[in-house]
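Which chain is which? They are A, B and C, in the order written, and residues in each are numbered from 1.
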Amino acid sequence: MRNSPNEILHVEDLTVEFPTDDGVVHAVRGVSYTLHEGEVLGIVGESGSGKSVTSLAVMGLLPRGARVRGKIVYRGEDVLKLSARRRRALRGGKIGMIFQDPMTALNPVHTIGDQLAEAVLAHGLVPYKQALARAKEMLDLVGIPQAEARLRSYPHEFSGGMRQRAMIAMAVINSPDVIIADEPTTALDVTVQAQILEKLLEVKDAVNAAIVLITHDLGVVAGTAHRVLVMYAGKPVEIGDTDTVFYRPRMPYTAGLLGSMPSLETSGGRLRPIGGAPPSLINLPSGCPFSPRCPLADDTCTAEEPGLAEAGEGGHLAACHHWREVAAAPDPTALFRTESEAV
Amino acid sequence: MTISAPASGAAQGMTVVARTQGQMVRRRFFRHRAALVGMLAFGGVVLLAFTSIGIGPIPGWWDKSYLTTGSLVNQGRPTLSVVPQFLGGEGIRFGEHPFGQDNIGIDYFALTMRGAQQSITVAFIVAIVATTVGTLAGAFAGYFRKLTESVIMRLTDVMITIPILIIAAIVGRTFGDSGIVILAVCIGLVTWPTLGRLVRGEFLSLREKEFVEAARAVGSSAGRIIFRHVLPNTIGVIIVSATLAVANAVLLESALSFLGVGVQPPDVSLGQLIDTYRSAMTTRPWLFWWPGVFIIAIALSINFIGDGLRDAFDPRQTRVRA
Amino acid sequence: MIAFIARRLVTSFFVLLAATMVIFGLTSIAGDPLADLRELPGPDRERRMADRIERMNLDSPVWVRYLSWLGNLFRGSLGVNRDGQDVGVLLREALSATLQLVVAATVLAVVIGVIVGIISALRQYSTFDYGVTLAAFVCFSLPLFWVAVMLKQYIAIEFNDWLRDPVIPPLIIGVLAVAAGLIWAAIAIGDRRTKLTAFGAGAAVTVVTLTLLSATRWFADPGIGVVGLAVLAGGTAIGLTVLISGLQYRGPLYAALAAAGIGVLLSEILDPVLADPSWTEMFGLALVTAAVCAGLGYGLGGLLRRQAITGAVATGLVTGGLIFLDRMLQSFAAYSDRVRGRPISTIGSRTPNFTGDFWETNLDAAGHLLLPTMALILISLATYTRYSRSSMLEVMNLDYVRTARAKGLPERTVITKHAFRNGMIPITTLMAVDFASVIGGAIVTENVFGWQGMGNLFIEGLQQVDPAPVMAFFIVSGTAIVVFNMLADIVYAYLDPRIRLS
């Protein structure tokens, strides 16, 4: 891997497993990515593909039984080797996180102001008043009107959009280097999704942080991310600059995701959903995990799991035996049948 | 015809779901070790109680009766021994009077078995009555709302203000002489409110669900919606509560009988045995021990079964081993 | 809030009224109120039967009797029992004993149950957790009366006998040490070495403590002493500070230690005040303690003023409790002599005709309360343990707890501020339900231990088909349950800002 000077976070070969009564869940299998200062990295994949688990692993928030392997390097230090105290200092101090569902992510019994202020106090002893003042500043920043009064509100007095703004304020209150936003707009009304996304990017610039933007919706990353990482069944299957991945996908799954997006011209105006469901993470199929759903699958695919390999310029990597065929297709999304054809 | 088609289609869809869910529940239950042990233990106690002295006219394999007095052997001490000879004990044997005899020479094993029979019977009747009434009341209150709900809920309010033991004691005093079946039915009739509230809660959240709306839209009758669509979805809650109700009823009956307001002589129950022989505690402690051990064995094994069922029906936590 | 209370009181009033109808009706038809007299030989049988029929109004229908009882009630009289005794007087004597029992059992069950449940949840799937779960199931399945008789028969008598010569045999010390070691090891988390160390430490501490207590014959004349007091109070100060604010910052720690220190010093200086105080004085002292400690927290707390005040007040009150306990223990030897060496009592709620100073009367009450409370508490204890465990587990998996961790809060704050507070919300509802079953349990317990309490009033009344005492019992217990329910709702609303009382 390249080791550029402005690199902040580097995840290498991250593996997460959950031993359960039903067997071992292989939730994340060898994810690597690098985040540079000020960069927006999109992580995309269907739900259940391991996006959240990857970010929780970075934050150190996985449940106790989880087995984590690999490297998570923050500014040259392997986070997994740090003491519990140093790790805690990173959480919320240097790396802030925004969760998917603002309705449940805030504690119902404490005021918004208190929940923001305690984030300040967790990383340095200042008078409570000062922490509250900082909280008000942040609420102003994320565009909550009458911030002073709103400090005394409880979460249930906020709308979903306002709560997510408060969550953004909480994540950046200690001016972190990295913000991990796990599907920050998925649970919101369509009408406020764009506002929140815009606010998030604005705040990111204000505190000068980089973002890992997680979503299952390619539309969200299209206009925002510099680079995109596509995940499937716990594995990274394609990574590259956003435009490259969008216009020259090299992995059938990415093409399928693009085809199932409503508003993209490439799909020819018709939806081409990916048939079938993601595989069980306890009993993975042999070979390429996408093979049961892939229109290009053949014996090679079921025999051997493809690794991430160079599939274009500018560090464009894809995990597919047949990426050249995908590249050769005039419209890769046409590999999948449209809904009317499927019936 | 066109209207009933989607409805029966939905019903078929539901049975398929129900079966697979049933299989999952069974699998989870049989993986719950404590519940399995509980089931075996409870089965053992029931078998022992009902086969040993027989039921009614059917004789059992134990040759002594709980009604006939006899001469005292060894001051009525128990002859049961479970320590093998090679460990320095007296060997494993049942003996003449395994649980000993009471002061007038009645075989205490037979008496305890009779008590266990009666206590188990009472507990099951109480649980069945309370569950049926509670389920119906909860279902009607939760489904019809308005007046039905107010009436039923005010009724449960009144009942819940009275501690269960109090109302059961009063009922027990009134109906204790009429035999255990009537006693049990009456206790069941006053102990349903807790379950009723639980079922109502489930109904309240389920009645707004799409499948209920759908059934209503195709014109299903209220009874059909309640019994065919909603009730099957609350079956987990009901089964678990019913199981725990059996355990609680065993304890309740024995407490009532101990206080003298439950099963009345000449009928015997485990709690009543303890009451009868409580003054003999210092001289013949075994008269006190055996019924107690059986009450605990019954209640504990049923509680474990209930816990297994709860885990089986409520798969919310996929367990991560630490 | 006031509107809420008023409305609740009105509804509760009608609910209670309906309940009295049910109970009065059922009790009146529960049997033959003249049964005992019918057996009577001799000439005055007829006369006494006529007397009772007249007194209990047995010639009129039940509803008339009910209305007349109700009329009396509104005039402030609970009526007379079948022998013509004023039920109000009987109740007054019965009330305080039962109240002590029920309150002691409820408070202990809540405090111990919640603590054990939380530890169990925080150590999910540990040996400790499994042990607690098993114990809870056993407690759920124990017949209360059976346990009570066992305690009375074995614990009380054996313990009193042992107190004559309180030497702990080495074998018992060994067994207790192993048990303590196992519990320590079960709570500790870590690899085998940590567990072994915990086992060793637990066992060693137990052996040393018990051997010392045995060798000095401490149980014959117990007491904590200044040194013990200082150690325990200091430990409390540190422990509470760890829980409330952590040891990272000095302010709260100094405040708590100061509270403990002042407490220990005062216990020596205040000797005369504590010679024979009254409950009012004790309550006043507690208030003064709280005020002084709040001041300490305010002064020494620095930036963590709020936590420092909480910690100091809690430490001060615990230290006060320890001093109280020490005083009680100091009176133990004298008290034990006065009751002929049988301080753990199995009959009644106090020693008949016993008079003594504040400490001795309290010891007497405690000695009588000990076993009934132990028996009564078991089921509630199990209930609170199970509920707080599952409530905590549920809350610990919620999103906002993850958010709290994501902010970088220390685990202590995550648990005490975010998980605990929310986890306790459903427990308030449980308290209301459980209180009713404790009252039911009190009837059984009083029966076993021969208390002349309310349970006795009820059962005797019921046996004799005499509604007045039964109704008196219900008026008190029903009101208590209603009030307790309302308190639980108020606490619920206080804990959960989403609920508005209106």
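Following the convention adopted for this analysis, contacts are C-beta pairs under 8 Å (C-beta built on N, C-alpha and C of every residue); 3 or more make two chains touch, one makes a residue touch a chain.
Model, not experiment: these values are computed from the prediction.
By number of C-beta pairs in contact, chains B-C lead all other pairings. Among the other chains, the CA centroid farthest from that of chain C is the one of A. Separation between the centroids of chain B and chain C, computed from CA atoms only, is 30 Å. Spacing of chain A relative to chain C, judged by their CA centroids, is 51 angstrom. Among the residues of chain B, those touching two or more other chains are numbered 321-322. The touching residues of chain B, counted against chain C in their complex, run 34, 154, 157-167, 169-171, 173-174, 247, 251, 254-255, 258-261, 271, 274, 278, 281-282, 285, 288, 292, 295-296, 299-300, 303-304, 307, 317, 321-322.
The touching residues of chain C, counted against chain B in their complex, run 11-12, 15-16, 18-19, 22-23, 26-27, 29-31, 124-126, 137-138, 140-146, 149-150, 153, 393, 397, 433, 436-437, 439-441, 443-444, 447, 458-459, 462-463, 465, 470, 473-474, 477-478, 481-482. For chain C in complex with chain A, the touching residues are 249, 303-304, 306, 398-400, 402-410, 413, 417-418, 421-422, 425, 495-498. Every residue of chain A that touches chain C in the complex is listed here, in rising order: 59, 61, 88-93, 96-97, 99, 101, 104-110, 118-119, 122-123, 125-128, 154, 156, 167, 170-171, 174.
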